[in-house]
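Listed next: structures, encoded as structure tokens.
In the two complexes that follow, chain A is the common piece, with chain B as its partner first and chain C second.
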Partner chain A sequence: MKAGRVKAGPVKAGRMALAGNLAVLAAGLAALFGLPAFAETYLIINSTIFAAFAILALSLALIWGYAGILCFGQAAFFGLGGYTYAVAAINMGETTLPALMAVLLPALFAGLLGYFMFWGRISDVYLGVITLTVSLIFYRFVNQTAGEQWNIGDAPLGGFNGIPSTPILNWPGRAGDQLAPEDIFALSVGLLLAVYFGCKLLLATRFGRILVAIRENETRAELLGYDVRLYKLAIFMLGGAMAGLSGLLFANSVFVSPTMFSLPVSGQIIIWIIIGGLGTLIGPVIGCILMQVLTNWLGTVSQIKGFGWVDPNLVLGVLLVIFVLLVPRGLTGLAAGVWSWLKGLANRAPAERSATREQTDP
Partner chain B sequence: MDYLVILLLQIGSAVASLVLMSIGLAVIFGMMRVINLAHGEFLMLGGYAAITAFNHGVNLWLAMVVVAPLAVGLFGAVVERLVIRHLYGRLIDTMLATWGLSLAMIGFVTVVFGNTVSGISAPLGSLSIGAYRTGAYEIFLIGVAVLLLVAGWLVLRFTRYGLIARGTMQNPAMAAALGTNPSAVYAVTFAVGSALSGLAGGLLAPLSGVVPTIGAAYIAKAFITVISGGAAILSGTAIAATLLGAINTLATFAFTSVLGEVALLVAAVVLLRLLPQGITGRFFRRAL
Partner chain C sequence: MTTSSTTASSTGSSTARPLLQTRGLTMRFGGVVAVDHVDFTLQERELRCVIGPNGAGKSTFFKCLTGQLVPSEGDVLYRGTPIAGSGSHRIARLGVGIKTQVPNVFDGLSARDNVWIAAAKVAPGRAAERRTDEAMARVGIAAIGHRLVGQLAHGQRQLVELAMVIAPEPDLILLDEPAAGMTDEEVDRLVDLIAELNRSHALVVVEHDMQFIRRIARIVTVFHQGAVLIEGGVAAILTNEQVRDVYLGKQAASPPHASRGEVSAQRTEGS
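Then we have the complex of A and B:
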């Protein structure tokens, strides 16, 4: 009897995880095929932005939640991806190669920065400061690139205004044959699903387990013979690539501008993760979509007369403080807590009954 | 010759504003190992307090030197009670919570004062050196920065509060065993750090004006100065501010003001790579 129960644990957990994965897949496919059927273009474009941001959320969820690297400047890779794509696409015309570059260049830059930080043994706050500073450097620099002297080939960087004429992706090999907003939407949601399950698979491998080990205790992982620096560098580069991909999709649904590099963008990602739940993948995605819907809604509410005090910053800030103080595990942690509490309630009654019977039996 | 003098004055002024910007953060981080990401907004609040008081007829100097630090100091005491107190020893969580606080403050101030620039003109007029002119107020700020550093050193070195503060900083458990109350020391420290930020915000308001989002311009520089300075609160801040301020001004003179800022940031990144514990983590270790 007892042995059976012990065995049931992991099997049950595995089944739960499978059910969770299937639910995510179903939700993703429903959005992918369901939404374009009835939604207007405005909603489609908005949802594309959500999907792009969700990939951005995943990029930090992976490196912060699983490898313990708190990067305050994830926006640097996001903006770099967008700008790389815009500049390369304007110069080349055909957009397949620029799209690849938008993923590769941020990854390479993350590699450079990561080499600098991880081989310097910089950690914690200091890492936060350096990443924050780097994204600020980009922001300040790109902000002042108005004027002819800052053209890269045919592409004007445009300073504060960004590049409003960011080209839209075309079908591979057919320059000028642009994707419709519905296609960009499908591409974004498809990529979001691919990235999400890619992360899941990665974390299930030996590499993923070593990452978690490093997060839990860096010294111990190092003493066990793993080159911590190399693992951190690899995951940091992957995070950079994902953020670049997100920037590419964002550039295709809005356009690139220096705000992509700004502090509020980096901060937003952190809020999504804290609200959704650090150390999970689905939490940050949920947090991202919830927060985006909330910010959009607050934006419209604060326009209404008498509701001018509803400032998105005010609400987001108070929410963040409340979550850090009272719900440190985020919404997913909260949900798991409520679930096990309910299960405890349901189990208690029969358990008490059997306990009393055992007492009376002999 | 005149050019050299003006260059030195510019460097001094840049260093002084870095010192003013970061001294409140340095006190809080150095003593409590708490990173206050709302620090920029504390400065912003100081600016608004000074300008509001001035617009209501308070003498400008009184508004900057008394009203601003008092208002922000009180605000800091409340924040310490409500938020910071619950997060001691959890560095990352404090950063996140204070970052939420900073957003909330930006939102609140936007709602109250509107998203517009307000300002007061700098007092004291200007000063001519040869063919160049410079604001006398900037020179006054250099004096204030030096005064603050010296006063801070005297307090830490020679007063009873300074002794308790240093003891708590080095070993809170031992200080508690000897009869002090670390939680009270932390509360006072946070309020003092906030008041210093308020003072700096008030004093810098005539130079930069105030907008609800001005904190972002302060926080990065303050953050960088304090972290590059390292463990010693006063000398670390002073040395880092001197180094970074000089680099900033020289690059501004040689290129443009934006490249000056970029040079400052790049210098800080390189500095942290070479000295991950900050300047006073390697040199002048026993300084205050």
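Then we have the complex of A and C:
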């Protein structure tokens, strides 16, 4: 892909990207093997939730940051994944097929929703409203499913309480042989790494590059002969599948309840991405984990006498406003800015020299 | 005044099926008729210039041809196939490329990536890379391939878009004000490029710059208030009283040396 580029810039950028990828891989492997060695079960389970949420962050980072589709209801696919898994696992006993369904069903639902939105040429703002509404309809609907008339096979949907008896994944083919919390953790972090690098690879393909071009200028992509609707539908379905996967992992570390579909979940994902940096993959993952750590910590603080006024949601809201106004490119943008500023400081003299050389060069 | 249409059809072989033909093409926005029963015929490998004052319907006409707008009435035939109302991507796949009036480019991508996206639609892998480099060299933007298009000057953005249009080698190239914002050297290159492209492609060029039209045009179609006012050879059109009245004014219709500054006069001599 780099063939034909003569400038040194892209080569250097390639080396930087490689270093970044290795750093992410190292951090992921460190968490994967390091954390279980010393952490208590509580921390393991918490970290599993972080990993699940990080996949959810990636699902929107991909479709919003790279395809320009601002889905305000990613929680719909997250919840759908969790509930699909819970209901199917209760009915089937063995959990391998339910786990696959938890990824496929949200993807198919995203396909149905996306078909009407993209073929209907719904504009960006209305797309946000429609997806938000869909997630809230799910929320309302599942909330009132208390009582036996809402049982699906053997699985009670449980209304407001959700399904506290959500089965834990078993080893494939061995029904009842459940994974330990450490195994769920390893699975979640492993899948997070796989999803992250999968997204990286996807974006480097022809499909990924065209997707970014569509984000930049839909009209031009159409005028070049690309069927923009198909590309958007495909990535929207992939985002739905990733959110479903996240819901599956979440269901295995907590349990499924209507809050999975709620507005705070959809809103949180957007906050993670804005704080981490829109248009990157690592930013939203970092934003997600930082915000989760912060929310948990604020939760503990608010329990302390005299600090009852500390509301994690309020702090998140203030942080969002600060970032939108002052750090619009998020933490990754900030880091890149500081990095190039430092580099400029260090190389000022040589840079000036080469600039004058470029000017004299015809 | 009406003898002009015979000139137009005599340029191509009149028996052959035209590349592009519109019949009674009409585009209404509410009560406004932007394009009014336009009958337009373009032969294979013909070069046509379209002129007309602002609001004459030239860009709307282009949008009807490329599927960006669905015409209210009338037919658009591309090699005999009706294409009015087809999606933009379908029409593009038939071999129609357009450089729009306001450059439609991918601002967040490098110039080379912009052109690659265009080439990758019609060619796989290495062939797309080769086409990309060829198109960039032809337009003369190989040196700025790594620059972000959003940071380029208007004239350079025009060139990037031009490279995107020619990279897939479409049979019909529509250029809407391609010379706007270009430096004199860039315009010179554009004139040469249009002549070269015209050897194997049909082109329709909308332009306001009369000096530019003089340098490239053979047959000119004049739009006025959405309709075709007149069509004919460039010399006849530029001295036509009626055309002068609606659009050109005395300045551009008189010999360039008398009315234009030295720079534009030289440009005319250069052709």
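Just so it is clear, the second predicted complex is superposed on the first by the 341 of 362 C-alpha atoms of A that agree within 3 Å, B and C clash if a C-alpha of one lies under 4 Å from a C-alpha of the other, contacts with A are read in each partner's own complex, and residues count from 1 in each chain.
Definition applied: contacts are C-beta pairs under 8 Å (C-beta built on N, C-alpha and C of every residue); 3 or more make two chains touch, one makes a residue touch a chain.
These numbers were taken from a predicted model, which means no experiment stands behind them.
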Fit or clash between chain C and chain B when superposed on chain A: fit
First, second, both or neither for A:317, with chain B first and chain C second: first
Angle, in degrees and to the nearest 10, that opens at chain A between the C-alpha centres of chain B and chain C: 80
First, second, both or neither for A:220, with chain B first and chain C second: second
Touching partner for A:209 - first (chain B), second (chain C), both, neither: second
First, second, both or neither for A:31, with chain B first and chain C second: neither
Minimal inter-chain CA distance - chain C and chain B, angstrom: 11
Set of chain A residues, in rising order, touched by both chain B and chain C: none
Chain A - residues contacting chain C, complex: 3-5, 7, 9-10, 206, 209-210, 212-213, 215-217, 219-228
Chain B-touching residues of chain A, taken from the complex the two chains share: 70, 116-117, 120-122, 124-126, 128-130, 132-134, 136-137, 140-141, 143-144, 263, 267, 270-271, 274, 308-309, 311-321, 323-325, 328
Chain B - residues contacting chain A, complex: 35, 83, 86-87, 91-93, 95-97, 99-108, 110-111, 216, 220, 223-224, 227, 256, 258, 261-262, 265-266, 268-269, 272-273, 276
Sites on chain C touched by chain A in the complex: 66-68, 87-89, 92-93, 97-98, 100, 104-109, 112-114, 116-118, 120-122, 126, 129, 132-133, 145-146, 164, 168
